[in-house]
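Okay, got some structures for you below.
Look for subunit A in each of the two complexes below; its partner is subunit B in the first and subunit C in the second.
Then we have the complex of A and B:
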């Protein structure tokens, strides 16, 4: 019954009355932390699951995990957010997002495992948490500010600007706690204030709860920011064991910056960092062109972000940093990414401005055209255009009036959705979310998304099974690990067992093995990535690209879990808890109206074929290769058949996709079964 | 080098401190193998520390691992406020001034030791003269915290255990399966994922702003990061 890792309390905020209550974390320990506890809180505290995202009764949670604020490698810095999100189409599904930085750890130092917020303030407000003292502050002076300005103002208000580097006393007593750290702030920008469906919540530089549509939810609650500063301790059951495991990770499965065992073949080749785990690789397709340092989330052993001499775009990596790839000036590229942070807009929703430019060039969009727009389209490709475009979406002006509803709804309104999503001109295959990886080949991603509620954004297999063969092929090098060895490592370490489950060939993607792979990922990520909050870019560590190909997972996760919490946990148990959390989410979606008939992809996924390579392991003529997957589509009938088998495997009614009572009771979710039954939504048969 | 008393210039304490500034004797004798300095009786002087932490500020990734490790191995719990090494940053700042690393410099003239009225803050001959707190003797007056010439103070008030504390080079780090101290390992050095902290026995070259340290080699340049 050791209780290490947790600090014991969750803060419940009633924004309407501006009151708070304390919830004992122990009440929710069977849901582990992070997303699990968040979903359980949502289930208990939101009586009518059919409300909209902007209904005051919507509960938003910001949750840490037992690993937050500890030395657990690349598992301290991420924080989970859940609630009914405004982004997905056609239903505003209960959903999740997740962001890096130091917010979760700071919540725990303040004595809170999480914060949940219900109700809505009648005036702009920010929540000020100083250890156990919680106050509601007037945010009228912050309303309208960019997210960086908002944080700077709050830092000054609470404990001084970041240029004041000194011990700050959290109370006026000698023993009331001190810190040198600035408050961890999570806030919305103008886009969230304007109830944009594509609005984010931002933290520090370059960390965003990007997908899901939570920025608008906060805006609907008149919630501008949450600031947390704390000075308390997180209990650790076996500190020496935690230190040993951290150093083991660093020694055996991390990049040695002074003498790397595996190094990128030429300077600045950050894509190679996917395999080496070198610091500052997060830009993937770019390397800094100026003096810079790597930047890491709290407790990370990889440190994939960058802080620049310019200070522009600090922390922006991956997709948001590629928003303006046409830039000829790197600082303008990062300025465009930074502007997304500042206004608080999800890069994945506005990324396809080239599609809009295509409509302009076809004479469909522009001044006096069917889709009226007076943006400087003739200057497309310049920073001036990107600035005007981003701001019009944030402010809801020009075509931003439609685009603030997300591109799915905007194109529906314009009458473009059917034609452009069928041809593949607009690649938004599932629930209104942008295609992330090729849905016609890397199916665990597509299937996981369609059976879930949002772009899964889970790179579990993706780094090893897709990126490594892609990167090595791109430089004409052999794969670092042959496909046969790779699938054997993954099959054995995951517990899936059969390597053929990882066959992404044209037939393999519908196999019973792929059912298991898809289900395994749902369960694994719900526990380890979204509830224990291990970083998706570092875990699981099944593969190590240095001399010994084997990574340290899953044994090291068990060791870390017991070192921090003092509780034993087997790998099978952890996957089962993930399955419990996944089924709780599934039940919430069913209560929101989910039915198997809704789980279909956009037409292009079925009706067009791939034209570019998307490397994945495939069995071709009985041999394992990293196949290219060109000329592939998803067959409607085969996918419907797969769907039925997936439901059966998960213990859901195959005609509706609703969980069966036996499944829920096996997962200690009898009360969930009762609520489903009360609404006539319980699965009837397998 | 030990000047004979009758040959030494008589130096008042105020003159001594004014003349060398906050950097202490490190600015004057950094890099030399000096282990003692004799001045007038009225000036407090002790043996120099046999160990120092060097932090390359340009290599630091601001990940707080050092702070998490320090509090863990010393106190068995995770709390950056109770870490004896601190890292402070402005996320929106400009490299390299965006981040500071705030480690104890084991000053050749330790103001903190001099300030302690009860000898709790002392120089430990059993651990290469590292400057450290004997918590059993600490009366909580915080003169040591205030005496540190640097901001933020390198001495912490441990408000949970109610004692002053400071970097002891892991001489007393009971929650670690390694031997610490100047003759052993330091948790921050071992855990820093950027290898931005190293241990040295020679007094570092330094000024008020910090040490002059570059721990980045050619492999850092492969990352497209600066090595100068």
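Then we have the complex of A and C:
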């Protein structure tokens, strides 16, 4: 049993009758933390897994990890959310999302490893957690407010004022605890209140649980916000060892302020920034038009976000910062990103405004057209349009009445899905989620998504195997690490062993090696990224561009885990726990109705070919190169064959994709096997 | 014309050619530029005019690519496709020929884009001059703008 990392209890909230209970975290330690514990809680507490996302019995969990609130580098500030999400299509899968900031750490300072919420309130509420004290507060006055306004109002209510920089006493007793911190608030905006499937839960500035649709799920529960504040701390098994490893990571991997030339390995061209992540490298600092400073998640030394003097666009580092790419005025681009935060909408779903403008250009959408819309389409490309479009989706007006259901369902209703997802005009290849990285070339991303339930959104392979060769090729420089060396590093450090597994050539993407790569990533990320909540923009650190190519992973992860929890752990054990969590999730999806036949991509993935260069390592004529992958599609028959081999490798029934009893029992999931068997959903043979 | 020298060998375009070239195109004549960003991968930026292409393609800041953040990324189009688009829907063969000439011998994408940029600037400046001269002539003749 761990001696550090956990604070020992999980808060269970029943919103229907406004009661709470305490669950001992130790009961779930075999699932590590974060996503793993959340999935186990869902499995235990939701009797009928086939309920819809907006059913009151849906259990939404907000989980920290053993690393949350500690000085574990780039692993302290993320928080995991799980539950049945409303976004995915055709089934509202049990799903996940996570967000940066400081919520998970503050939750632990208050004494809670996680909060799980079931039931639904009959009136708007917010939950106020101050150390051990949990109260249900009337949210009527907050209903309708933007997310930034909501947080400020709650800060005022809990600690007196959002502007006070003073000690806040958490109780009236002398030893009741005090802090200078603001409460950490997770809340929904108008989109969540309107039950949008694309609604987010927002925290601080620019942090969102975006994918999955949890904002709408909270709206269905009449839950506006959860606020946590605490004065406790997190036990660390070996604080000195943790500090040594943090400093080692910082010294060997972080931006070196004393050697800025490392940022510019090629004359006149900076490359390393995105890899060493100098503070504030993020989304909106491309043209700092005002005073700004780096901003980071709790305990992170990389600080990839930016805080601006204007307060507009703070923390908007990710997709939302690109929502209004056509802007010629940076202030307007920031404003558009900020508006998404305020109303609480997932940028990935509303990137489709360019597609919608295409329908307008074709005379399909607009005033009096087949798809009626009176938005100012003639002003497309201006902030005026973006403002009107964003608000119509949030409020469910004009075409927002359809778009609040997500673009997948909207296009189905309009009769456009089959046409436009086949031509590639609309690229939402899996479960209604937007194409993220090229599914016909960077296949582990696409395979992981279709065998899962949402855009995996894991950048672990992506930096080393795609971006470095893409950028160096674009400027005519040799790759910083040749393809042969790169795949050897990845094969050795991941534990996969065989470098040819990383062959992304036209045939390699269907290989048995790619089966292993796809499975390895599902297992790796389920443990280290989603349950230990290490940031996928930083971990794993397999490659170090500033030293001898060898990054600090995987050894440093085991050291960090041991230093925080007091438990020894091997790399193989960690991947096996990840496999346990992945199989638990798989079982939940099977109970929801998952079958092999559903795991197919949108037509364009099979029927159209890639046009843009997408560098990845490929074996061509026996030589390793970074190939472009132009002219690629996924072959249906070959993918179906790949699917069967993937199932067999995972220990699932190759005809259905359902886990076998032996697989689940090997993973200490006999109770899960029993439930599947009870429903007639246990795999029969590999 | 020699790319990057600012020395133009373009003939002066007619006002009809300019009007045709700078118009907003129909959906079928669009060209896609891929905005490659770390956060979102390769997203399609759909361009319906020369102005859209110019704004999208040449805003890549090569000296600061990636380092400055995800917004910049890399805006990518296959150069041969762009040349064909200028020759086809835009309808300016001379412009397309000049682009083709500028691209010859360029070995990487950055150099290709940097070679095309002055050609774009030169030709669009000519368009502007023809357009303004025509407007002034109209004003001199007392033609009301419609």
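Definition applied: the second predicted complex is superposed on the first by the 668 of 686 C-alpha atoms of A that agree within 3 Å, B and C clash if a C-alpha of one lies under 4 Å from a C-alpha of the other, contacts with A are read in each partner's own complex, and residues count from 1 in each chain.
Here is the rule we go by: a residue touches a chain if its C-beta (ideal position, glycine included) is under 8 Å from a C-beta of that chain, and two chains touch if they have at least 3 such contacts.
The structure displayed is predicted, hence computed values, not measured ones.
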Side-by-side fit of subunit B and subunit C on subunit A, or clash: fit
Partner chain(s) touched by A:240 [first = subunit B, second = subunit C, both, neither]: first
Subunit B versus subunit C as contact partner of A:178, first or second or both or neither: first
Touching partner for A:611 - first (subunit B), second (subunit C), both, neither: second
Touching partner for A:291 - first (subunit B), second (subunit C), both, neither: first
Spatial angle subunit C-subunit A-subunit B, Cα centroids [nearest 10 degrees]: 100
Most subunit A residues touched (candidates subunit B, subunit C): B
Touched partner set for A:148, first subunit B, second subunit C, both or neither: first
Contacts of A:621 with subunit B and subunit C, given as first, second, both or neither: neither
Minimum distance between Cα atoms of subunit B and subunit C in the superposition (Å): 6
Interface residues of subunit A shared between complexes with subunit B and subunit C: 263, 268, 270, 278, 281, 287
Complex interface listing, subunit A residues touching subunit B: 69-71, 76-77, 102, 105, 109, 148, 151-152, 162-163, 165-167, 174-182, 204-206, 231-236, 239-240, 242-244, 246-247, 250, 254, 256-260, 263-264, 266-268, 270, 278-281, 287-289, 291-303, 307-311, 314-315
Subunit B residues within the subunit A interface of the complex: 58-65, 68-69, 71-73, 75-82, 86, 88-96, 98-100, 102, 140, 142, 151-153, 156-157, 159-160, 162, 175-177, 187, 190-191, 193-195, 215, 217, 219-226
In the complex with subunit C, residue positions of subunit A that touch it: 263, 268-274, 278, 281-287, 317-319, 321-322, 325-326, 328, 333, 348, 351, 354, 357-358, 361-362, 427, 435-438, 459, 462, 467, 470-471, 473-476, 611-614
Contact set on subunit C toward subunit A in their complex: 26-27, 30, 32, 34-46, 48, 55, 61-72, 74, 76, 78, 107-111
